[in-house]
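Please find the structures below.
In what follows, chain A forms one complex with chain B and a second complex with chain C.
After this line comes the complex of A and B, so read on.
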């Protein structure tokens, strides 16, 4: 082995190297004994061992013993990804009295053995080089101490659907101040629009309304309906939130929700809550169970705003609650934690598709059907078809519309469509037992509790027909407006054509348009599918990459009501954990500005994705100032600084150069071999 | 036993004994990778929704089904798939509609490549290819056709035009260089017919 690259203070570092087999994960490919042997010859290395499982109690004990016996002041653990066990090993060395930031991890599993499974010799060489690089880098490690920030005991919940409501109830009940922000005039979200819920058939609004009322009554929950979050600044424990309360033109404290104003209002417009089938007035509540039960004037359609004349509602209101001059109001809040529960929207079939949703009146979406079969809906629960108002007898459901389709870039399964199609066909059959229902599906996904039973029930009790095939063509009879579906019944390998009175498209779920602005304000990562990304798909399901910010419900991905509620409770619990402790430890891996070199050009402030850098005056000169709690240690500023004035702690320029020099030295020697 | 046979099985005996089970001997396990090598890269991705069959103009008319062909390929039933894949018109409608963004038409072309290399070439393809080699056209205008053209006042067919010999020679060079003639087993000798 050649001499390692120049080392600044070889006499000072006492290095221990531990190469982990990870069972056969690493040891099955990489010759760990050889790697440890190579490392042992590097100056400064006094212990170099291979361990079966470094993370096990035995392995950790081995590391602690070496630190104590040999007086190690640097520990290099060559094992898995730091994401998995960095914390374990930091704890381990701290237990032996060493500052945890003197522990450096080298990834031999994800970045070596798993990707080079078929080339064990080359993998061993690479592993040795990676370890050398790690050793050289660890020489310049410095002792760091984590910092503590206080956590404001209050929580902001964005989105008043079932997930947001549940999270607000849980946190409010724990005694923390909670702000529930909803952009619509009423909380309730999409669940309020549904008729019944699968698989049990509970009426959606009947189980939701009590929760809506409860959250309104909860002393700790402050409901901010018809409001939007416009700005969020700050960091875990200390967020400053700006909320814009849109004008209802009705004073909330005076309105009692009697509805006399709406009776008098002369303007009738389609009700968005009923998917445009029913109508509402220009002064309205979206649905009778709305919370808060306060009327709202829809500015676009109100005659007063259009002509300046009509004052009928003002005259009708005995409480003098109506004020056409109301202005938007801005509220500023300080909160310690944030829960994003911005939910979903349903996919709107495009003109590109073959289902002709835009053209054929008798092709409707599932959410429209929900309103048409809802007892509180525009038809009082009596299903009629849009073209002629006649009760349809032959009904087809088409599954996977806007889901599992690469042509429209929605690759994912929306997880609820199979079940709601079955649930809705059951409701239709209960109302009109003579109806004939066919479900065109690709695969049936009935994975949840009680789902398979519902799948069985709709076939056994109602004779719902399942046709396995994706419809290829829909045609409309010009006279009757009936729809003919052509599809291959793939299980028969025959092309079939059948006529239906009504076709329901089981549309998938997409991220709510309200999510994007919130995502930008908080710099939240987004998954491939466009929904918000959780910190870890299995083990940190409601946490995000931004500390103190949690996600739940359909904002994170399509899911049904039980899953949304469970996730809301998880997010509430995670947020409460922070608030109960009242303080939070922040990793000290932030950017450090060398003020002598900094010229205050401001490039770093522009580059920072977390708004953590500001340019401030110091002794008459502009200098970059890092808000450490906001800094995520991504290193963008350090790489961008033209003056090399910013150092990323644990990733300093010198450390990276050391690592690089070791890599290049290794490459040169490898070339000779 | 004799009576049972007479009543229930009678003449079917031979048919009943014949095995209707597809066994491993009927399958070619590397078939999918072979198809992928010839450009049908989507073969294993198909999840059999049947949209391609529904939009296929050929599947509407005959017992060919786009989706089942893909299934046979996934399964490795090579002998079954190689004979009839020439019915695909490669109109690419299946590709246009496939929700998984696959291209079944390319798969059909890959099957043709494989079939030809296995020596399975339908007569009509052979005829068209031989015509190309001999006359520079896939459809050779015969005496009757030439006469009709003349009567209708249409211009001369290409093969009777002066200078066509050079075009033919060029086509021949391409065919010989690419070994297309040997691949299809065709010659430009008339007596070969």
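After this line comes the complex of A and C, so read on.
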């Protein structure tokens, strides 16, 4: 459908005014008959009536009848807030053959009768004035039609952690083409690094690996690992995406993942997947269950790249999969919907902080602990201290590191640290029943299903000690490298000093650095905490301010695996709804350029938060051109144009000024007409 | 008009997503405020051209409020930031032409802040009553 205002405008306004009593909601304060009577005097008004309930079938019938009988070309309904019933009355007038955009609503309930309940006379005067404002504005209404855009039946998912994987599975299973883009060599995200998962203690990789395999096998899912999104243009239903596949220097089609190359590779470097504790080769897979199971050469450390000499992997590979000359590859995709599932990163303790993470070897983070107790980790699941490789007996956890702390500006609770500290305490106790574990906490948050039960279990069955208090100072014994924690135990009202073999910092969750570029490309709003913002905290939890773009998992905020999966399923469902319909209706609120007035200065293009305006050459002159599908209808361009050459449909300068003039022309400013 | 009778005319431009919703909530919650205000609905506080505000004063408004979503909450990402920049300009402009800049206010009112909407209007009406009709400060 074409979206421009219709050329044929009715010559003269034939206006009908309907003043609703809303039972006694309006009628109990405002004298509706009088308001209708005053409105009937205004030029152009041919019908002015008060109705008991305008929104009822009877009321709507009355409006439709008047349109037909009197040939109304403007309808002003003075009733409740347009946020409530605008749609109802637009439908109503359309039923009588009038373009719905000729209906205008005036708010007499929420913004008049309900807020001036003790001043019926003034309220009546104000109501009459509000109706006049509506009439004057409606004179300039134009016939419009909502625009329909088609929605490409395909989805781009950015981030291959558990949230992205789950969303890809759900959308792929519904039959839509899905692209799953992951920047690392393997999908899996943080969950792949964890040992067991609270509250039930399932092994993380055991429940994750089958899903990783499933998503790789799904016919509708195209996995683009070791790839990054470099550009996204377009709008709901029609996004054009540029993806850069980084060179692995190993041909994916030829590599069978046998690992002979890595056996032969002479370069050993710390493995980032193991948080630097274990080592890997310069040609590697990050972990044995990696998907895709394809080797990657780390260019920075590869001897071939450093010296140009080494060819050991090339010689070892019987499939001739290694290609040191591989170049990055650019892929362009068209998708209808986008899901951002870029996850989180763990907070890194500050260099100068009291916990001495950078100084003391026996102070580690919780994610490092996950690798040290993991059967597939560098120590085979045998927990040892970094300083001497000895099994620690006395272990302390310090909670809320990087969370709930105003000083470092992370005010929020990371929502998983209480539970992962308990889970890991339990795992340690199962391995070494004689260990002594203390958890220094501020408040325990065990709010989820089965969480409180775990809290009780670790206290009562495993004897984990919970100490309320934030440690003030950590010191190291120069010989043993044991750590002494000095803290005020607030429940005992005592300052204590206790010695431990190992201290684990329960670090909080922060936005993944991979989120920011995607956030900028899509102009996604961010919440105060730095995570991506949903469009409504309760009712639109996975939608964003950008239509067709959805968020899930820790990209939206810290959360555990069950919540990440639930959100992923919600985002998949929301994206699928759009794709199943195949089209999307856009309200005609967009900006409109008057080319005669436009001088092509480009200020509007700069103001537009959606890159919807471009300056283009037209007959040798620069003019602003609006891509209507990209325009969200905020009107900030119209407010900024020095030439008044750009306007917003339904909210034109003239319409707003008509309203203003009618408001200020009222005789009595407290009341009205 | 004697001073006792002075009833200020106040125009409030409210963004659809937060402040207009906040005004609706004031109604739903029955928070009472004086009837001197006329709300003009815009989609975003970023839609309010400074010339609208100047025009309002020209046509006899005694006070003008521009109300939008709190910082970072704008439905259109950054419209309220633009409103804030324009408000700075307006404030100095009004000062220059001899209109008391406190006749103009930029307010952040969320959809959940019905109480704030009501109290903002109340306060504005009281303050302007003290200032007197527009023009009393122009010597």
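In this text, the second predicted complex is superposed on the first by the 512 of 673 C-alpha atoms of A that agree within 3 Å, B and C clash if a C-alpha of one lies under 4 Å from a C-alpha of the other, contacts with A are read in each partner's own complex, and residues count from 1 in each chain.
Here is the rule we use: contacts are C-beta pairs under 8 Å (C-beta built on N, C-alpha and C of every residue); 3 or more make two chains touch, one makes a residue touch a chain.
As the structure is a computational prediction, the values presented were derived from the model and not from experiment.
J.: In the three-chain superposition, say which chain, chain B or chain C, touches more residues of chain A.
T.: Between chain B and chain C, C touches the greater number of residues in chain A.
J.: Given the touch rule stated above, what does A:490 touch, chain B (first), chain C (second), both, or neither?
T.: First partner only.
J.: Looking at the overlay, what does A:589 touch: chain B (first), chain C (second), both, or neither?
T.: So A:589 only meets chain C here.
J.: Name the contact category of A:407: first (chain B only), second (chain C only), both, or neither.
T.: So A:407 only meets chain B here.
J.: Mind working out whether A:130 is in touch with chain B, chain C, both or neither, as first, second, both or neither?
T.: Only chain C; A:130 stays clear of chain B.
J.: Once chain A of both complexes is superposed, is A:659 in touch with chain B (first), chain C (second), both, or neither?
T.: A:659 contacts chain C only, not chain B.
J.: Across the two complexes, what residues of chain A are contacted by chain B and by chain C?
T.: Chain A residues touching both partners: none found.
J.: Looking at the complex, which residues from chain C come into contact with chain A?
T.: Within the complex, chain C contacts chain A at residues 7-9, 11, 16, 20-21, 23-28, 30-36, 38-44, 46-50, 52, 55-56, 59-62, 72, 74-79, 82, 86, 118.
J.: Show me the residue ranges of chain A that touch chain C in the complex, using the header's touch definition.
T.: Touch list, chain A to chain C: 81-83, 107, 109-112, 114-119, 122-123, 125-126, 129-130, 133, 523, 525-528, 533, 545, 589, 607, 609-610, 632-636, 638-640, 648, 651, 653, 656-657, 659-661, 663-666, 668-671.
J.: Residue numbers of chain B touching chain A in their complex, please.
T.: Listed in rising order, the residues of chain B that touch chain A are 47-51, 53-55, 59-60, 65, 67-68, 97-101.
J.: Applying the document's contact rule, which stretches of chain A touch chain B when the two form their complex?
T.: 354, 400, 404-407, 442-443, 468-473, 486-490, 493, 495
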